[in-house]
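Each chain gets a letter, A, B, C and D, in the order it is written, and its residues are counted from 1.
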Amino acid sequence: MTTIGFIGLGLMGSPMAVHLAEAGFTVAGYNRTPEKAEPLVAAGGRAATSIADAVRDADVVAVMLPDSPDVRNVLAGDDGVFANAKPGTLVIDFSSIRPDVATELARQGADQGLRILDAPVSGGEAGAKNATLSIMVGGAAADFAAARAVFDAVGKTVVHVGPSGAGQTVKAANQLIVATNIQALAEAVVFLRAHGVDLDAALDVLGGGLAGSAVLTQKRQNMRDGAFEPGFRVALHHKDLGIVTAASREAGVILPVGALVAQLMASAVAVGDGGLDHSALLRGVERLSGAPTPPERKDS
Amino acid sequence: MTTIGFIGLGLMGSPMAVHLAEAGFTVAGYNRTPEKAEPLVAAGGRAATSIADAVRDADVVAVMLPDSPDVRNVLAGDDGVFANAKPGTLVIDFSSIRPDVATELARQGADQGLRILDAPVSGGEAGAKNATLSIMVGGAAADFAAARAVFDAVGKTVVHVGPSGAGQTVKAANQLIVATNIQALAEAVVFLRAHGVDLDAALDVLGGGLAGSAVLTQKRQNMRDGAFEPGFRVALHHKDLGIVTAASREAGVILPVGALVAQLMASAVAVGDGGLDHSALLRGVERLSGAPTPPERKDS
Amino acid sequence: MTTIGFIGLGLMGSPMAVHLAEAGFTVAGYNRTPEKAEPLVAAGGRAATSIADAVRDADVVAVMLPDSPDVRNVLAGDDGVFANAKPGTLVIDFSSIRPDVATELARQGADQGLRILDAPVSGGEAGAKNATLSIMVGGAAADFAAARAVFDAVGKTVVHVGPSGAGQTVKAANQLIVATNIQALAEAVVFLRAHGVDLDAALDVLGGGLAGSAVLTQKRQNMRDGAFEPGFRVALHHKDLGIVTAASREAGVILPVGALVAQLMASAVAVGDGGLDHSALLRGVERLSGAPTPPERKDS
Amino acid sequence: MTTIGFIGLGLMGSPMAVHLAEAGFTVAGYNRTPEKAEPLVAAGGRAATSIADAVRDADVVAVMLPDSPDVRNVLAGDDGVFANAKPGTLVIDFSSIRPDVATELARQGADQGLRILDAPVSGGEAGAKNATLSIMVGGAAADFAAARAVFDAVGKTVVHVGPSGAGQTVKAANQLIVATNIQALAEAVVFLRAHGVDLDAALDVLGGGLAGSAVLTQKRQNMRDGAFEPGFRVALHHKDLGIVTAASREAGVILPVGALVAQLMASAVAVGDGGLDHSALLRGVERLSGAPTPPERKDS
C-alpha cells in the first residue's frame, strides 16, 4: 500500500487528503496550523509534526499551497521536502504556481533523485470536496503513470499535457480563458440591461448557441442577482493572471486582451472586491458605465 | 393556410424559405437575382417578380438581408414592404441589423397598421439548412405568439426577449461574447504552443472545466490546423461588432474589452483575412507574437 | 471690402465673428437665439434674421456649429446656405465634424457652384477670444488662398493640409493624440502618487525631457489640484472620439490604444463627468485604482 | 578633490565618466571589458582592475548598468561595492531598475554605513555625450546636496523627487508616458496617411497645439521616413515597461492604456524590431492596419 505525505491542508488540500485516506492510502498530513489535520485524522490519516515527519517514509509526497514562494520554501527550503524525501519518491505539486518555478523545482528535485510532477487543478472547493477536479499534469510520462491512482482518488478529468511546467502552463491558459470569458459575459450583461432586455430570456438563448460556455452557465446567476459570494476569489484569480502575464512576457507571446483583463481584475482587487467571486468583474463594468451597482446580495 | 412573402433568398434566406414551403406554408419568394428562387420553387413555392408581388397577398412577410440599409430600403423604401402589405400583416425581420434601426422601422410599420418583429438568428448556414437556428425575438408578445408556427419551421431555440429592437440587442450581445471568447481561446492557443505543451491534451482538459465553451468545442480544430474555411466570416463578424460598439456608445455602456476585440477583428479584415472563419483571430495573435503563421490549410 | 455671413454665434463663433468685424469685414451674423448676436453688433456687425438673410449678399459664409447633423442642416437643408448663397461664394466650415460628411457637403456645394473649405480649429475658447486658433484647412488650394485674410483675422497657425475633408481628418488626429496623451499623463500621475513621490518635482523633470508635452504643461495643474473646470469638455472630446473611431473604421485603420481611450472618455461621460475638463480622465484612473477621488475643487 | 569610482563604462557610462574626469574629479573606472576604459584614461582617469580596486578609496561610487540583477550583483554581490566601500561613501546608481530593488539596495547599503541615491537619467546617448541628461534622484536630501557637483558635471535638469526608489519611480513614469505618446503619434500618422492628408503639413499644425509634444518633435521624421535607427532601442523600452507594469501591479495602480502599450512594445520585440528606435511602434500599427510597411530606410 502506498504511503503519502501531504503538505498543505487548506480549503483545497484538506478534502483531497481525506479522499486519499478514504481510498486506502496511508496518509500523513502536515500543516503549519495543526488543527487543520483533524478531518484527515478523522478519515484514518495521521497528523505529521513537521515536513520531515510527513515525508520521511513516503512513497508519494503531495503538496497543495497558495503561491510560488510557498512551494519553493516547502520543497527546496532548509529541512523541506527535497532534504528529507527518500530517493525515488514521487513529488506531486497540486499548487498553481509560475511555470518557470515549476520547471526549476523539477530540475532541482531530479538532482536529488526525486521524480517531480506539476499537477495544478481546476474545479475549486466543490471539485476538491467531490473528488471531481480536473488535473493538468506536467512531467515524465512514466511518473504520470505511476501517480495515476493518486490522481484518480481526487480528480475526474486527468490529463498528461507535457513535460515539467506544462501543467502550470495549461492552468495559466485556463485562468486566462476563464477571466476573459467572464469579462465578455459581464460586458454583455450590462449591455443587455441598459437596453431593457429580459435578461433571463436573453441568457437562455445566448447559452444555447455559440455564445454558450461553462462561465455563462455557472456565473449567470451571480451576475443577475449581484450576489458574489465565492466561489473562486478575485484575489486568487488576480494572482493567477500575474502568472499568465509574466509567463507570456517571458515567452514573447502577446496577449492584448488578456493583459487588459488582467488590469480589470487588478482593479477589482484595488477597489476592494478581492474577496468576492471572480464573476464580480461585472461590478467593474457597471462602475465604468455609471450603472447602479447595487450592494452585493448574498441571500438571493 | 398562411401565406408568406419572403424577401432575400441568399445563403441563409433560401433554405429558410424552403423549410417554410415544406412545412405547408404558401410561400412567394423574392430576390433581386431571380435564379436564387429556384430551390424555393423546387420545394413548391413561387418566385415573385417584385417586393410588391411577394407581399401583396401575404399574411406574413419574412425578410433576411445583409445589413441595416438593405432592410431599411426593402421595408420603408418606395414600393417596399410598408407600401404594399395589407394592414395587419405580420412582418418578421430575420436580418442582423442595428437595434435602433429595428426600433425605428417597427414604429414606422406600426404607423402603417403593420405588426413588426425583429428576429435575428444565430447558428449560421448549418442552422439555416437544418432548421436548428436560435431565434431571438423582439416585439409585442401577441405578435410573437402569432408568429410561432413560422419560427418553429426554421428554428430550434426560439425566445421572446423583449420589445422591438430587443432581438437585435441580444444578437449584438451574442456577437460580442462570441468574438471575445474566440480571442481568449486564440491567445491561450498561442500561449500554449509557445510553451511546447501538447495542444490537444491541453484543450481536452480546458474544455472539461470552467474554461469550456461552445467556441472551444467548435473552433479548436480550426485553430489547431490553421484551417479557416468558413463557417462565419470575419467580415460579417466585423460588421456585427460595428453594431455592438455603436449601440453601446449610444447607451453609455462601456466595453473596454469588447472595443479592443472589435479593433482586432477590424485588423483581420484590414490584413485580408475577411473571408476566413472568425476563428482566424488566431492569426492576429500569431502575427503580434511573431509566431510562424502557416499558410491557411483548407484540406485538413 | 468682403462681406461675410456668419452662422453660429456660440462660445466659439461669437468671438470669431467679432474679430472679423473688428478686422474690417462687413459681417452679418445669425444664431437661432438672436441675443447671441449682441457682441457682434457691438463690434459693428449686423444681426441677420435668418440664414437666408445672412448669406444672400455674402462673399464668404462662415459656419461654426456643434456637430455633423447641425452642419448638414444649415448648409444643405431647406432654406439653408446652399439654397441661398450666390454662385462662387466661399463657404468656410469651422465646425468639427465627420470627415466623410465634410467631403459629401463639399461635393454638394460644388454642384451648386459654391467653393467649400473645411477648417476646424483647435485652441478652444481662449484661442477664439485671442484670435490665436490653429486652423487645419481642407479644400482647393485656390480657395484656401482666397480665404487667407479671413483665417488670419481669427487664427495664428493656419495650414492647408489637403483636399476636402482633410481638415476634419487632421482635427480628428489631433483629438486622438490629445486624449491619449492626457490618459498617459493621468496614469503616470496616479502611479507617482501611489509611490509617494513629490509630484511637482517629478512633473518638472518629466516635462523637461522626451515625456514633455503641451498636455503636461497645460493640464498638470488640473490633475495636481483635482480642479477640472473646463477648458475643453469631456462631452465634446467624447463626440470627437466618436468621429475618430468611425473614420478609422471606415478607412481600415486599427487604433488599439485610441479605441481604448475612447472607451475611457465615454466612461467619464457615463459616470457624470461630461461637464468637466478632459483632464478629468485622471478621475477614471483613480476610480479604477481605488484611489481616493477627492471632490472636484474649482477654487484652487 | 573628490575621488570617484565608476562601475559600468558602456554607451552611457563611458561619456559620463569622461565628463567627471574633465570636471576635475579623480575617477577610477571599471568595466568587465577593460578596453571600455580607454576614453576615460584618455581624459585623465584611471582603469581599475576590479570593483574593489575602483571603490576602495572612493568618496563617491557611481554605477551605470543595464538592469536590476546587474545592479544587485555589483552592489550587494560578493566582493561588490558594499563589501569594499569605506563607511560614509556616497553611492549613486544611475541605472534604470525596479523601484523596489532600488529601495531594498538602499536599505542594505545603509546597513553597511553607506549613503545610497537612485538617480536614473533620461536623454539617451546624446544626453550622456553632451552632459545634458535629466536626472531624477531618490534618497536623502542631504545626500542629494552632497552629490550635486557630480550631477552637475553630467546633467542639465537635476531634480530631487523623493526618498529612496523615487528616482526609479519617476523614470518608470517617464517611460510610460513616452511609450504611450509614441503610440498615440503612430496611430495618428497611420490614420492621416490612410486619408491622403499632407503628413508634413498636418504634423506642423498638430505640433503647434495641444497635441504638441517632445515625442512629436523628435520622432516625426523617423515615422515619416520609416527610418528607425536608434535612438533609444525598442528592447530597452520593453525592459522598462516591464518595470512599470510590475511596479504598478505591486502598488495597486491600474494602467489600462499603459498595459496595452506594453503589449504592443513587446510585440515589436517579438516580431524582430527590438533593435530599432522605439518610434518603430509605428510599424506595429501599420501591420495591424494592413498598411504597407516599407523596409526600414536608414539612409534618409
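Criterion: a residue touches a chain if its C-beta (ideal position, glycine included) is under 8 Å from a C-beta of that chain, and two chains touch if they have at least 3 such contacts.
These figures come from a predicted structure and were not determined experimentally.
*Asks:* By the touch rule set out at the top, what is the minimum number of steps from subunit B to subunit D?
*Replies:* Each step joins two touching chains, and the minimum needed here is 1.
*Asks:* Taking B-D as the reference interface, which entry in A-C, A-B or B-C shares over half of its contact pairs by residue number?
*Replies:* Of the listed options, the interface copy of B-D is A-C.
*Asks:* If you average the Cα atoms of subunit C and of subunit D to get two centres, how far apart are those centres in Å?
*Replies:* 37
*Asks:* Once you find the CA centre of subunit A and the CA centre of subunit D, what distance in Å lies between them?
*Replies:* Chain centroid spacing, subunit A to subunit D, equals 39 Å.
*Asks:* Where the CA atoms of subunit A average out and where those of subunit C average out, how many Å apart are those spots?
*Replies:* A distance of 52 Å separates the two centres.
*Asks:* Of all the residues in subunit B, which ones touch at least 2 other chains?
*Replies:* Subunit B, residues with two or more chain partners: 252-256, 260, 263-264, 267, 270, 288-290.
*Asks:* Which part of subunit A faces subunit D closely enough to touch in the complex?
*Replies:* My answer: residues 242, 245, 249, 252-256, 259-260, 262-264, 266-267, 269-270.
*Asks:* Inside the complex, what are the residues of subunit C that reach subunit D?
*Replies:* Touching subunit D: residues 99, 122-123, 134-136, 157, 159-163, 165-166, 169-170, 172-174, 176-178, 180-181, 183-185, 187-188, 190-192, 194-198, 201-202, 204-206, 208-216, 218, 244, 247-248, 251-258, 260-261, 264, 285, 288-291 of subunit C.
*Asks:* Could you list, by residue number, the parts of subunit D that touch subunit B in their complex?
*Replies:* Against subunit B, subunit D makes touches at 256, 260, 263, 267, 270-272, 284, 287-290.
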